[in-house]
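Each of the next two complexes has subunit A plus one other chain: subunit B in the first, subunit C in the second.
Let's look at the complex of A and B:
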């Protein structure tokens, strides 16, 4: 049954997954290519190591962003067909709900392994392609592990929201909209409250903590 | 003609939209809104009135005396309360000198500066007089820290005017930690052998790199022939006029290290680049002051004419090598977090994944279709 669920989910989300594979493979290579002018034969010139770090750092935001986008797309497509068909297909299957949910989750997770592997290969190739200045190191494995964990968290969060009733999704969205409205109103009357920042700091130190930090393929 | 006018009048009457507040409830609502706006305007006018009358409050926190306009007394007091621990922890007993100063928090739109006995120092701020929170206490705290530094060093010649002065400004603890982390990155990324050896633990090289060595000889600052050759090439490229009259030495330097050393020795010291930035050097001075306890900064102030190595040793009350070794340990401990995920962080992410997936298992979606 897993095979069937996996294949249908692949059919629905292959565009996103293939785009993710391409982006994940290209990202580390592009970042190193841009920083390459500060590596190689000129790596020991004054300031080059620092500029290499700065260049790699500018690409750092792209990794957690890609993990977030991929997690969201695969999680949403995992449930889209069920929502459209009002869950008739799922109810017709001879399995309990929890079993079906786990099958869906595992199939999506397995699909996300492809971009994860692509990032790993890309990062290894990119690291091997440069001679780094003394003092700097490449972290292809650590970057891949962090990317994988970020994918897992983003996928699990959106998967659980998508699996809920439209009422649940409406409550979540309404709560976010309410906070945005309070933020706008507070800014308009110069009130010293910032609910989005308050919530953001808690979310980033909680479930989304893995998305923070220095996402750098090359670092000290 | 008259009939046509009636038609026009009728059409005009019909096309006019209904006035927005026609019912009693709507009129009441509008009156309440107007009253609220009136109250806000009156509050702003009161604040402005109190400014024109020049009403000020004096805030005393620790050794700091700060004068501010009455309407902004609260946020300014909060800012001074934030600033004082940073000022006190850096300057220690030297901060006692600030007791005779009055810092005046002043907005250029505020009108005349309050008349106070000298010495006084203006701390310029921008105040939004009509906002409920007219000024950010964190911004005030930073300005008060900077003002305290200006007041404390007011009698020192060269305060902030020499490129490599050694006097420090208080900073929040988070900023100090960031500076020392940046010193780590700088030490790691400097291409000179002296910096690399300092990183590996050769204290003498750390002193050289930080400008705290007893000798300023280029041979010790650029200890290998490769370093010296690279430096000469850099100077030839960036400041060719400095070595124009020494062309023969410049050419022979490529093959003979002795000529490179001679060439560097003949260049005025101000043309030779510093090995680290002033920011990194300041982390050493700051570290020495902290090691020296409450009298550390006072001793640093008394060492204005002494070489940096002696000054930091005096400030810390320790031999210079001990200060540099302690500084190096602090820098190594402040290595920035790289992308590596700690075991705890990794398990936490997995745990969040499991928690959210469990929410999906418990969904009531199928009970509702």
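Let's look at the complex of A and C:
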């Protein structure tokens, strides 16, 4: 069963996954190539370590973005075909609902291992290709693990939302609209409440926190 | 005879405007059960309840001796289902759709699937999105039959198909039933089609079961009778009076259910005389039943 579910998932999301593999492999190499200007024979010149870190940090924004986009695309494609058929086919298959959901989740998750592996290989190659100034180190494994966790969070959250019916989506959107309305009203009457900021701080201090902060292949 | 499908006191609500109420179905094992009803009667909803795709508010559903929805996956393993509208993944090819379906059914018969594929003239590498309505109908029937089911639940399986495709699909179905003694629960609004192939009939309207009886009783029991000098008030009749309409002069036309020839004595007793007794076909009987039900739902 897993094989056929995996093959359908591959068919639906292969463009995104292949683009993701290419991007994940290229990102660390490109970032190090650009930063390499400040490494190598001139690595001990004053200020070069700082500029190298700045370059790597600039490229670092792309990792969580890539994880987010890939997670969202694979999760959405996992359910798109079932949504079109109003889930009748999936529900009529002779497996418990949880089992089918697990198969779909595992199939998408397995496909996301490809860009994760590509990033790992790219990061290792990039780290090996550069001579770092004293005091700096490469963290290819840590970056790969973090990318993997970010992929998992994005994929899992969007997978669970898109598994729901349009009614579920309507409830989620209504809740957000309600918060926005409260925010606007509170601002209009200068009330000391800020539900969006409250929600944002809760979300970003939870699992979504992985998308924030510095994503550094090379750091002190 | 045991029942392949049985429901008791089934209640389901979809919003405020539609409700299935106290549905008590009895589909005998090995029968071809035609499930009739106008559009919006609740046929598709009932089928989805029977297969565990929807959950009832209350009531009991037993299919192939197992409780639904609790044991739905076990029942679905033994059931071939053709839904009202195509539900398969349209980006797959015919071969991929068959392989996908095959993986979920332990009783899958690949040899027969290949035979049906050739018989229906389906092209293996054509994407489902590019199939015509007839080809899609054939593919759905292929998938339902090749899993060797004990029960086939078919929701308007020939709706919109041309006569040639309809004949191909129905012959494959009838051949399978003849060989395996499977139970078939088939919903349709093509009354004449069901009249030809079914031995039981259930009629549904506005979420309620109007009638359920063997096809021969349905066909032979509903008559149109032309009467002279009918009584103004029929009183206690030995049959069910579905409808009465004045004709010319003192002549009236009555539509009755449960008619037997000895019942003509009733008319002699009330001073009326029977001029003509006409058999109604299934469609006419169906229309009269619905008309009566809508006038007097209880």
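In this section, the second predicted complex is superposed on the first by the 200 of 220 C-alpha atoms of A that agree within 3 Å, B and C clash if a C-alpha of one lies under 4 Å from a C-alpha of the other, contacts with A are read in each partner's own complex, and residues count from 1 in each chain.
Methods note: contacts are C-beta pairs under 8 Å (C-beta built on N, C-alpha and C of every residue); 3 or more make two chains touch, one makes a residue touch a chain.
Just so it is clear, the structure is predicted and the values come from calculations on it, not from any experiment.
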Query raised in the report: Between subunit B (first) and subunit C (second), which does A:95 come into contact with in this model arrangement: first, second, both, or neither?
Result: second
Query raised in the report: Counting only touches as set out at the top, which of subunit B and subunit C does A:153 meet: first, second, both, neither?
Result: first
Report task. Determine, under the contact definition given at the top, whether A:105 touches first (subunit B), second (subunit C), both, or neither. Result -> first
Report task. Would you sort A:86 into first (subunit B), second (subunit C), both or neither based on which partner it touches? Result -> both
Query - Touched subunit A residues, subunit B compared with subunit C - result: B
Query raised in the report: Which subunit A residues are contacted by subunit C in one complex and by subunit B in the other?
Result: 86, 91
Query raised in the report: Which of the residues in subunit A end up touching subunit B in this complex?
Result: 44-46, 48-50, 53, 86-87, 90-91, 97-98, 101-102, 105, 133-136, 139, 142-143, 145-146, 149-150, 152-153, 155-157, 159-160, 163-165, 168, 189-192, 206-207, 209-210, 213-217, 219-220
Report summary line: Per the touch rule above, subunit C residues touching subunit A in the complex are 51-53, 73-77, 81, 83, 86-92, 96, 99-100, 102-105
Query - Sites on subunit A touched by subunit C in the complex - result: 1, 3-5, 7-8, 11-12, 81, 84-86, 88-89, 91-96
Query - Interfacial residue positions of subunit B with respect to subunit A in the complex - result: 128, 131-133, 184-186, 188-191, 196, 199, 230, 234, 273, 335-341, 345-346, 348-350, 352-357, 359-361, 363-366, 368-369
